[in-house]
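Scrolling down, you'll hit the structures one after another.
The two complexes that follow have chain A in common; it is paired with chain B in the first and with chain C in the second.
Right, the complex of A and B next:
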C-alpha cells in the first residue's frame, strides 16, 4: 500500500523509479519493525488468562485491577517518578551551570572537562555499577534513596550537558560581552542573558534526565537490596519469575503514557 | 578578566567534581581491586587470559555486537534515506515510529520480545495454529533472539545520526550526476552514498560501543546461553563473589571499548559523533 503512495510524492529529481519504491517500502518496513513489536503488550495486558498470552475467551481487566491495587507496584511507580524528578532537577542545575561555564571558557581545558562529563555514556553499565557498589558500600549508601538518586544523577549528567551545550551554540558570544561592558556582573549576565538562551536545552536535558533515571535498572540491581524498589526493578524481577501478566499492564500503561505525551508535544509544536 | 575566568570555572566545577569523585574515582577503584584481590599482582589477569570461558564470552560479545551493528546500519540507512528523500507527507508518522522505541524502556521492549519469541510465545502459537509447525521453534535463548532484540534496541541510535547527516546533503550533486546521464542507482552509489559515510560511521560506532557493554537484553533474551561479557562479569560477582576476576574482566572490557574508540577516531569525528550529538 505504501509503495504506490510514494509515487506522487517524489522530491524533485525524477519520477518514481524501482529504486525509490524499494527504498520507500523498506523505510516503512523498518519503521514497522521498530514500532509494532512494542504494541504487542497491549492485547496481552487484556488477557483473561492467568499466564502471559493473548486473550482466550474475552477481554479482561483483572490484571489492571491487580496492578492498581498492588501497594508494591504502585509504590515502585511512585518511587521511580519521585527519583526521576529529583534526578532531573539536580542534574539539570549541575549540568546547565557546567555547560554555561564551559561555554564561556571555550578553551582546551573546558573541552576536556566536557569529555569527562560524557564518560558515563561510553562505560558499560555493569562496569560502572561495580564501581558504584564498592564506593557506595564505603559511603554507607547501599539500599538508600540518596544512593540511587546520586548514581542516576551521574548517568543523566552527560545528556544534560550535551543538550545545554547544543542550545548555547546558537547564542552569539557578543551578547554576554555587551551585557558585561554595560556593567552587568558575571552572575547577572549568566542569569539574564545566557540562561534564557540555554533554556530549551535545559528542558530537553531535564526530560532526558528523567527518562534515564526512570528506565535505569543495572545500577539499581547492584546498589539496592530490599528496602529500595524502583519500577524497573519490579519489572526485572517480574520478568525473571516470568508468569504474571501484570508486567504487560505496566508495559501498556508506560507505552500509552509515552504515546500521549509524545502526541501532546507534537500538537503543541504545530 | 582573570577573576571572570575563575567565576566561569566556579560554574563548571560542581558537576565536574561530582563526576570525578563519584564516578571516575570508583572506576579507578575497579582497576585497583583487580590488582589487589585476592593478592597483589596480575594474578587475575593471568587467570582471565587462561580461562576458556572468558575467551568464549569475549568472542560471543564481539560477534553479537558486530552482527547487530551491520544489521542496524543496513536497516537504519534504508529508513533514514526514505525519511529524508522519499517519503513526504507521512514523514512525521515515520519519524514518530522510529522514535517511539527510543522513549520506551529497554526493559519493556525486551519483555515484548519475550512475549513474542518465547516457547509458548505469540509467534510460535500463531505458527502452530495455522499449521506451519508442529513443535515450538526455539526463537530466543539463542543468538538469533538476542541479536533480533538488540537490533530493535539499537536501531534508533543508527537512524538518528544518519538522518542528521542526510539532511545536510545538497541534492544538487545527485541531480547533476543524473543530468549528466547517470542512472538513479549509479548516481546514488557514486555521488550520494560517499557523502553519507560520516553519518554511517558515527551511527555504526555508537551502536557497536553500546552493544559491547550491553547487559539487559542479552541477559533476558539469552537465557544464560548467550553469555556476553557484561553478564559473565555479573555472574562472577553475584554467584561466586569473585571480585578479583570480575573486575579484571571489567577492566578488559573497558580497554576493549577504549580501543574501539581510538581506532574509530581515525575514521569518525568523535567530537561530532559523541560530544556534539544533538
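Right, the complex of A and C next:
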C-alpha cells in the first residue's frame, strides 16, 4: 500500500473520536435532508416530458432552450435582479444612515427608534402586503416598478439596520469625539471613521436585502397586475396556469447560482 | 496671570439637579503640566471636555489667549486629546491613525509620511506603523494615541486618565515618558487623574476638584505641605486632624491649646485669638519617643508593616487615635503592640485648615 499515512493527530480539530464521528454523520444527514428536496429539481429540469416529472426515456435540454429563448422568463429574471439590486442599494443607504444616526445619538430615543424599525419583521407578510396595497392605491403606485422597489425596500430595511447595528455594537463611542478633537468635522467623522467600521454590516445587509427582494412574492401579488412581473411571480403563475417544466429549469439555475455565490463567499472568508 | 494660554471663568455646568462644575475659575499657564485631581464624579472630565469643546457650559466662558472660544466646535479648537480607552480608529493602520489629523487639515502626502514617522519615533512606535490597532498591546495603543494627538502640533494637549487602564509597572514607565515628552515639546498639558501619586509625581501644578468646585490649586509641594481644607489634606496623602484653640498670636505663629497641651503652630496668618480651628498633621511628621518624655503620651494600638515604612495607630488620651508613619530602618525604639510611647512633632508640622 502506497497510500500516504495520515496520522489522526494531524487531522485539524484533533483525533477522530466516536463523538466526532457521530456528530459528523448526523451533520451530513441533516444537510442531505435539507438539500435533497432542492436538488431534485435538477433531474426534473432535464426531463424529456412536457409536464413536470422525472425523465422518462432520456435527458433533454429542451426546457433549458425554452427558458433561455423565452422573452417572458428572461425578462422576469432580469427584472428580479434589477429590482433586487435597486432594493439592496436603497435599503443599504437608508438602513446604514438610520443605524449610524442611532449609534451617534446612543440615547433612549435611539433605542426606541431601533425597535420601531425592526418590528415589521414580526408582522405577517400578508398583513403588511395589505397595507402596501391600500397605500399604493392612494399613491398611484399599483403595478409600477417604483411601487415594487419601494415595498421591497421597506421589507429589507430591518435586516439592513440589524446587521449594521451589529457591526457598530462594539465600536468605541468615544471615536467621534476623538476624530473631532483631531480636527475632523462631524460629516468627515461619519465618513472616515464610522462608515468604514459599519462597512461589513452594510455588505451583509445589502446581500440580505437583495435576497429578501429577489424571492419576495406576497406583496408583489398584492400590488402588481400585468405590467410588472418578477421571477417569483412568473413561477407562481407558471404553476397555476400549466405545469411547465421550465419552472424546474429556473429553480435549477437559481440553485446553481446560489451555490456558486456561497462558494465564492466561503472561499473569500478563509 | 499674564501668560495664561487658557482661561476658564465662572464655569457652570448643571445636569438636572447636580452641578458637575460649580463656578470654576482657572488659568492655565503656557507650557505647564496641569493636573486635575479629584475623586470620581468630582467634575474632572466635565472640565476637560468643556475645554475640548464637547461639553457646552451652562454658564461661564473659556478663552484661549484672550479670545473667547466658548462656542467654538471642538474641531476648530485644535487641542490634542488622549482618551482613557485610547479611541484609536479600528479601520485604520497605526500610521493612518497618526496621519488622520494631518489628512483632515489637507497636508500633502509626503509631509504626512514624514510627520507620522517623526511622531511615531517620539513614542518609539515607528516599527508598528503598518499594524492595525487591534494588533497592539494596551501600552502600545496608548503610545499611538499620544502620537496621534501630537501629530498636528497642538498647543494644548488634554489627557483624560490616559494611563488608568494599564498595569502598575507600565503606568510608571509611561509616566516618565509623558513627563519627558512634556519637557521636550513644551506643549501645555492638562491631565486628568484620580491617582494622587501620579498627580504629585508629574505635575507642575495640581488642581483639586470636589463636587464640581476647585478645592485648592498649587504646586505639588505646597498642596501637600499646606493643604487649605480637610478634604485636600486627606485626599493628597493621609492626615490626622485635631481641634486647636488659638490662645495668642506670635510673629508667624500662634500659641494654641491642643488637647490640653500648650503648643506653638507656625502659620503666616493664624485664625483669630479665641477661636477654635481644625489643624491637619501628617503621619510622617510625628516622631515616636520613649514613654515619659515631653509630648503627647499614648499607646501603640496597631502596627502594619509596609516594607520601607511602618504605619502605626497610636491611641492617645488627649487627641484620640493618631496615625503615625515611620521609616522601618529608623534606630531607636522598636514599636510593638501596647508599648507606651510619647509623640512629638515640629512646630511647622501642624497646618491650620479653613472651615470644611
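The criterion applied here is as follows: the second predicted complex is superposed on the first by the 241 of 270 C-alpha atoms of A that agree within 3 Å, B and C clash if a C-alpha of one lies under 4 Å from a C-alpha of the other, contacts with A are read in each partner's own complex, and residues count from 1 in each chain.
Following the convention adopted for this analysis, a residue touches a chain if its C-beta (ideal position, glycine included) is under 8 Å from a C-beta of that chain, and two chains touch if they have at least 3 such contacts.
If you're wondering where the values come from, they're calculated on a predicted model, not measured in any experiment.
Once the complexes are laid over each other on chain A, chain B and chain C both fit without any clash.
When the two complexes are overlaid on their common chain A, residue A:196 makes contact with chain C while staying clear of chain B. Of the two partner chains, chain C is the only one that A:171 touches; chain B does not reach it. By the touch criterion stated above, A:256 is placed in contact with neither chain B nor chain C. In the superposition on chain A, A:44 makes contact with chain B only, while chain C stays out of contact range. Annotation for chain A, partner touching more residues between chain B and chain C: B.
In the superposition on chain A, A:215 makes contact with chain B only, while chain C stays out of contact range.
Taking all C-alpha atoms of chain B against all those of chain C in the superposed arrangement, the shortest distance found is 6 Å. Of the residues of chain A, those at positions 180 touch chain B in one of the two structures and chain C in the other. Those residues of chain A that touch chain B in the complex are listed here as 5-6, 9-14, 17, 19-20, 23-24, 26-28, 30-35, 37-38, 40-41, 44, 52-54, 94-95, 97-98, 100-102, 104-105, 110-111, 113-128, 130-132, 134-135, 150, 153-154, 157, 161-163, 165-166, 169, 180, 186-187, 190, 211, 214-215, 217-218, 232, 235-236, 239, 247-248, 250-251, 254-255, 258-259, 262, 266.
Chain A meets chain C in the complex at residues 171-172, 174-175, 177-185, 188, 192-193, 196-197, 199. Within the complex formed with chain A, the chain B residues making contact are 4-5, 7-16, 18-20, 22-27, 29-30, 33, 75-76, 78-79, 81-83, 85-90, 92, 94, 96-101, 103-116, 118, 120, 122, 125, 152, 155-156, 171, 174-175, 178, 184-185, 188, 209, 212-216, 220, 229-231, 233-234, 237, 246-247, 250, 253-254, 257, 261, 274-278. Contact residues of chain C toward chain A in the complex are 49, 52-54, 73-75, 78-81, 83-85, 87-92, 100-101, 104-105, 148-149, 152, 158.
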